[in-house]
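A, B and C label the chains in the order they appear, each numbered from 1.
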Amino acid sequence: MKDIAIESHQLTVHYDRKVVLHEVDVSIKAGRLTGIIGPNGAGKSTFIKSIMGVLPRTSGWIQVLGKPSHQVKKQIAYVPQRESVDWDFPVTVFDVVLMGTYPKMKWWQKVGVLERANAQKALEKVQLVDYANTPISDLSGGQQQRVFLARALAQNAHIYLLDEPFAGVDMASEQNIMQVLKGMRDAGKTVVVVHHDLYSAQHYFDDVILLNKRLIGAGESSVMLQPEYLSQAYGSSLTLLTQMAHEMSKK
Amino acid sequence: MVNFIIQPWQDMGAIGLLMLLMSLFIALPAALLGSFLVVRKMAMTSDLVTHSAIPGLVIAFLFVGNLSSVWLNLGAIISSLLAVFIAQWLATYRPIKSDTAIGTILTSFFALGILILSAKASTVDLDPDCVLYGQLEQLVGANLIEIGGLIVARELLYFIGLYILVILFVITNYRTLLVSSFDANFAKSIWKRLNLLHYGLLAMIALMMVQAFQVVGAILMVSFLITPAATAILWCKRLPQILIFASLYSALSCVIGFYFAYYINANTASFIAVISFVGFVLSWLIKLITTKLFVSQSQLKAQ
Amino acid sequence: MDYLIIIFSAVILLSISSALLGSYLVVEERALLSDALSHSILPGVILGFFLSEDKNPWLICGLALVAGMLGTILIHYWKQHTKLKQDSLLAVLLAGFFAIGIVLESIYNPVGVRYFLFGQLSSVNQQDLLFIAGHTLITVIYITVFWRQLHMQSFNPQVANLYFNGQSIVKWGFEVLLIIGLVLAMQAVGMILVAAWLIIPALSARFCVDRLISMQLWSIIFSLVLSSLAVWLSWIYQGLAVGPLMILLFAIGFVIAFLVSPKKGLIKGIYLNYLDKQQHYHEHNLKLIYKALEKKSATPHLNIDLNQTFSLLEIAHQLPMISLSDLDKRFKSLFKSQELLWLEESKQWQLSQKGQQTAKNMVKKHRLWELYLSQEANYKADHVHLPADKVEHYLDDKALEQLDKLLGYPKLDPHGKLIPR
C-alpha cells in the first residue's frame, strides 16, 4: 500500500444542501505529479478540502497514507486558493513562510534557528529571498502564489495539495512554480494540483484525475486527456444528474 | 509648564492617580484584544459583545445585589457569547446577512438589558447613564481597599489582573492567533479546536465589560478596543509592531485625555476616546500628505 | 388625551418611514452602517440643541445632517486611502463621533439631549409631530417617485449609474431622508436602538415575502402594529420604557416570522421535511413488496401480477433482512394510507390500485436511474443502488419520461432485472 498516497471511496460531499461531489472513488499514487482537472464548479477544490478535513464529508471515506487524514496532518501541506486570504494583512513574506514550520511545533516552543533556516531554504527554492522583509500587500499575484508555495515547502511534508496555484499568475512565476513542483516530485514527494487549463495539463502532470461532480476517470495524463474522456468531463450528457441534485437540495 | 502638568495631581491626589490608572488598565488590554478583532475583520463584533453583555450583567446583578460578585462576570460572558453564537447561527440562513444579524441581536439584547434596568431603576443602584459613557469620576472613590499600605480601588486590581490574563493569552496563543487571522483555511488544516480560541478572545472582552461598562460605558469601549489598533495599522507593517503601537498609543491617549478632561472639566472616558479618534484622523491625513508628496517627488524624478 | 394622540401619531408616522427606509438597508446589507450613523450624528444633535433654545427641529436635523454626511464622506475616503476594511472604519467613526458628542454634552450641558440618547416619547410635542409628518410624507413621495432608481441602487449600484441620469443625487437624497429619519426616531427609542426600528421589522418581512415592494408593505404593518402595541403597553404598565419594549416586541415578531413563515420559516421547513419522510417511507415499502413478489414469481422476466393477494409471512420470507415486527409496522402504515388492502374473508393483503401504480413507478424509477448511472456516468454496478435509492423519490413524471427516452426505453436494469412498464 506504500504507493498509494491518497485514497477515497464513495466520497460524497454536500455544500449548502447541494451535492458537490458524488461517490468519488479514486487512488492517487505516491511520488507522482497528479493534476485534478474539470470544468468550473466540478468540485475540484471541494475534493482537496475534503482530503484536508477542512470541509466535512457527507459519506464515504478518505485515507491518506493508509490512515484517516486527521492522523497524518503533519505529512500533508495545503496551499489554498489565493483569494481565500486578505493580502492587506500585516505580515511580511518571511512571516508567512515561517508559518509553514508551525504545524510541527509544540505550543510551548519558540521559533528558533532550525525553523528560520527551514523558511530561508524554502524562500530560496521559490527565488524570493530578496523579498523576505517585504509586506505581502506589495507583491504581484505570481509572487503571492510563490510565497504560499514556500510556506508549503517549509512544512517538509510528504504530500502537497495545491488549489489552483496558477490562477492569475504571470508566466515567469508559473514556470518557477512548475519547476519547484517537478523538483519535489523527483525528490519523492506526492504533489496534487487542482488545475483549470487542459492544454498545459499534458505537459505538467504525470497522472490526471478528471472530475465533474463525480469521477470521470483517472490515469496517466497521456491516456486521460483524450477527447472521449474530456467530452464526458466537459460535456452535457449529465444535465439530468445536476437537475436531480438541484431538486434534492431544495428539500 | 511644570505647573500645568502637576496641577491635577495636587488637586485630586491619589484619586486622580487612581482614575488615570483605571483607564490605563482598561485601555491596554483593550488595545491588544482589539488588534486581533481588527485583523480578523470582526471590529463590529466588539459592538455586539459590549452591548450584549448588558442583559447578562443586569440579570445577574438583580439576583446578587452587588457589583463585585463573580456572578456578574458569568452573566456577562454567557450573555455575550450567546449573542455572538446566535448572530453567527442566524447569518447561516440565506436572506439574513451577517451585518443584519449582528445589528438585530445587538439591539435586541441591549433593549432587554435596558428594559429590565429601567423597570427596576428605583430599587437598583445602577444608573442607565453609565451604560452609555461610564462614570469614572464617581466610581473611583467607591470601593477602596488597602493593600500593603496603599489604598487601591478594587476595580483597579480586577483590571490589572485581567491585563495580565490577556497578555498571557496572547503570548501562549500568538502563533495560532496570527495564522487563524491571516488564513483560516490553512489554520484549520493544521490545528484543531480553533473555535475555542475564537470564543476565548470574545469571552475576555466580555470579562472586561463587566467592570469597564461602569467606568467607560458600552459604546466608548468600542473606541478603546478598535481605534488604537486601526491607527496602528496605518503606521505598522507587522502584527507584533501593531500590538506594541496600539498599546503605547492607547496609553498616550489615556494620559492626554486625562489632562484635557481635567482642564476642560469634561467626562474623562469620552475625552480619551476623542483624543484617540483625533490621533487616527491626524495619522490618516499625515499619511495622505506624505504619500502624495512621495508620489509627486518620484514623478518629478522620473521626468 | 391630546398628548396620547400626539404620541400614537408620531409612532405610526415614524413606523412608516422607518419601514420604508429600513427595507433598503436590510436588502443592501447596510444594517451596521445605520447603527454607526445613528451614533455619529450625536455631535450634530448636541450642537443643535445648544444653539437653538427651543429645540428647533430644523437646526437640530440640519446639524445632524452635517455630522452624518461628514461621517459618510470620511468612511468613503478612509476606505480609499487605507488598508482598513469597512467594519473597522465603521467602529472608529461610531466611537469617535459619539465621544465628541459626549464631550460637547458635558461641556455645554444642553437640556433635552438625554431624550435623544435613551428616547423619551413623552418629549414629542406638536411641533415635532408636524416635522415628523412632513418627513414621512416626503419619504413616501420620494420612494414612490424614484422607485426604479432606488431599486436598482440597492440591487446593482454600478449598473444603476449607467441606467439613470442624476443617480448620485437620488442616492444622496435617500441618505438625507435616512439621517433625518434616524434623528426623528431617536426621540422615541434612543440612539442605540433606533437602528433596530429600521432593521428588524424589515428583516421579519424579508422572511415572509420575496419582492422588495411586498417587503416594504409588510414591514410597515409589522412596525405599525408592534410599535403601537409597545406604546399601549408602556402606557398601562408605567414602569416599562417604550423604546426597549418596542425593540423587544420587534425581536419577538422576528422570531415568530422566522419560525412560522410560510415560505422560509423553520417550522414549515421541519413540517415539510416530515411529510417528505413519510412519503419516502411509503414509496420504499411499496418497492419492497414489489421486489418480494418478483422474487416469489416463477416468471420474473415477464410483468408481475400486482393484483395477487399475499400474506405477511410470504413477503417476510422473501425479505430476510427485515424483521417480522418491522414488516408488520410497514404494512400497517401502508394500510393507513390505503395503498394496501386487507381482505377479511381470505385474511390476505392486496395492493390497492393506488399502491400498485406507485410500486410500479418506484421500481421503474429506481431501475432506470441505476441504468443511467452505469451507462452514462460510468458507475460500477455495485455502486448504483444507494444513489438510486435516494434519487428515485425526486424524479417526477416529466423527468422520468426524459430519462426513459434518453436511455431508449430499455427493458432491463444493470442487474438484469425487468423494468416494469
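Assume a contact is a pair of C-beta atoms (placed from the backbone, for glycine too) under 8 Å apart; a residue touches a chain by one contact, two chains touch by 3 or more.
Because the structure is a prediction, the values reported are computed rather than measured.
Of all chains, the one whose mean C-alpha position sits at the greatest distance from that of chain A is B. Legend note: the chain whose CA centroid lies nearest the centroid of all displayed protein CA atoms is C.
Taking B-C and A-B together, the chain pair joined by more C-beta contacts is B-C.
One inter-chain figure worth recording: chain A and chain C are separated by 36 Å, centre to centre, where each centre is the mean of the chain's CA atoms.
In this assembly, the C-alpha centroid of chain B lies 34 Å from the C-alpha centroid of chain C. Between the CA-based centres of chain A and chain B the separation comes to 40 Å, rounded to the whole angstrom. Multi-chain contact residues of chain C (touching two or more other chains) are listed as 83, 85.
Of all residues in chain B, those touching 2 or more other chains are 41, 233, listed in ascending order. Listed for chain A are no residues, as none touches two or more other chains. Chain A meets chain B in the complex at residues 49, 52-54, 70, 73-74, 76, 78, 80, 84-86, 89-92, 95-96, 99, 102-103, 105, 107, 135, 151. Touching chain C in their complex are the following residues of chain B: 38, 41-44, 46-47, 51, 93-97, 99-100, 102-104, 106-108, 110-115, 118-119, 128, 132-133, 219-220, 222-223, 225-227, 229-230, 233-234, 264-267, 270-271, 273-274, 276-277, 280-281, 284, 287-288.
Within the complex formed with chain A, the residues of chain B that make contact are 39, 41, 172, 175, 178-179, 181-186, 188-192, 233, 236-239, 241-242. Per the touch definition, chain C reaches chain B in the complex via residues 26, 29-32, 34-35, 39, 74, 78, 81-85, 87-92, 94-100, 102-103, 106-107, 117-118, 192-193, 195-196, 199-200, 203, 206-207, 239-241, 243-248, 250-251, 254, 258, 264. Put simply, chain C touches chain A in their complex at residues 83, 85, 272-273, 276, 372, 376-379, 383, 387, 390-391, 394-395, 399, 402-403, 406.
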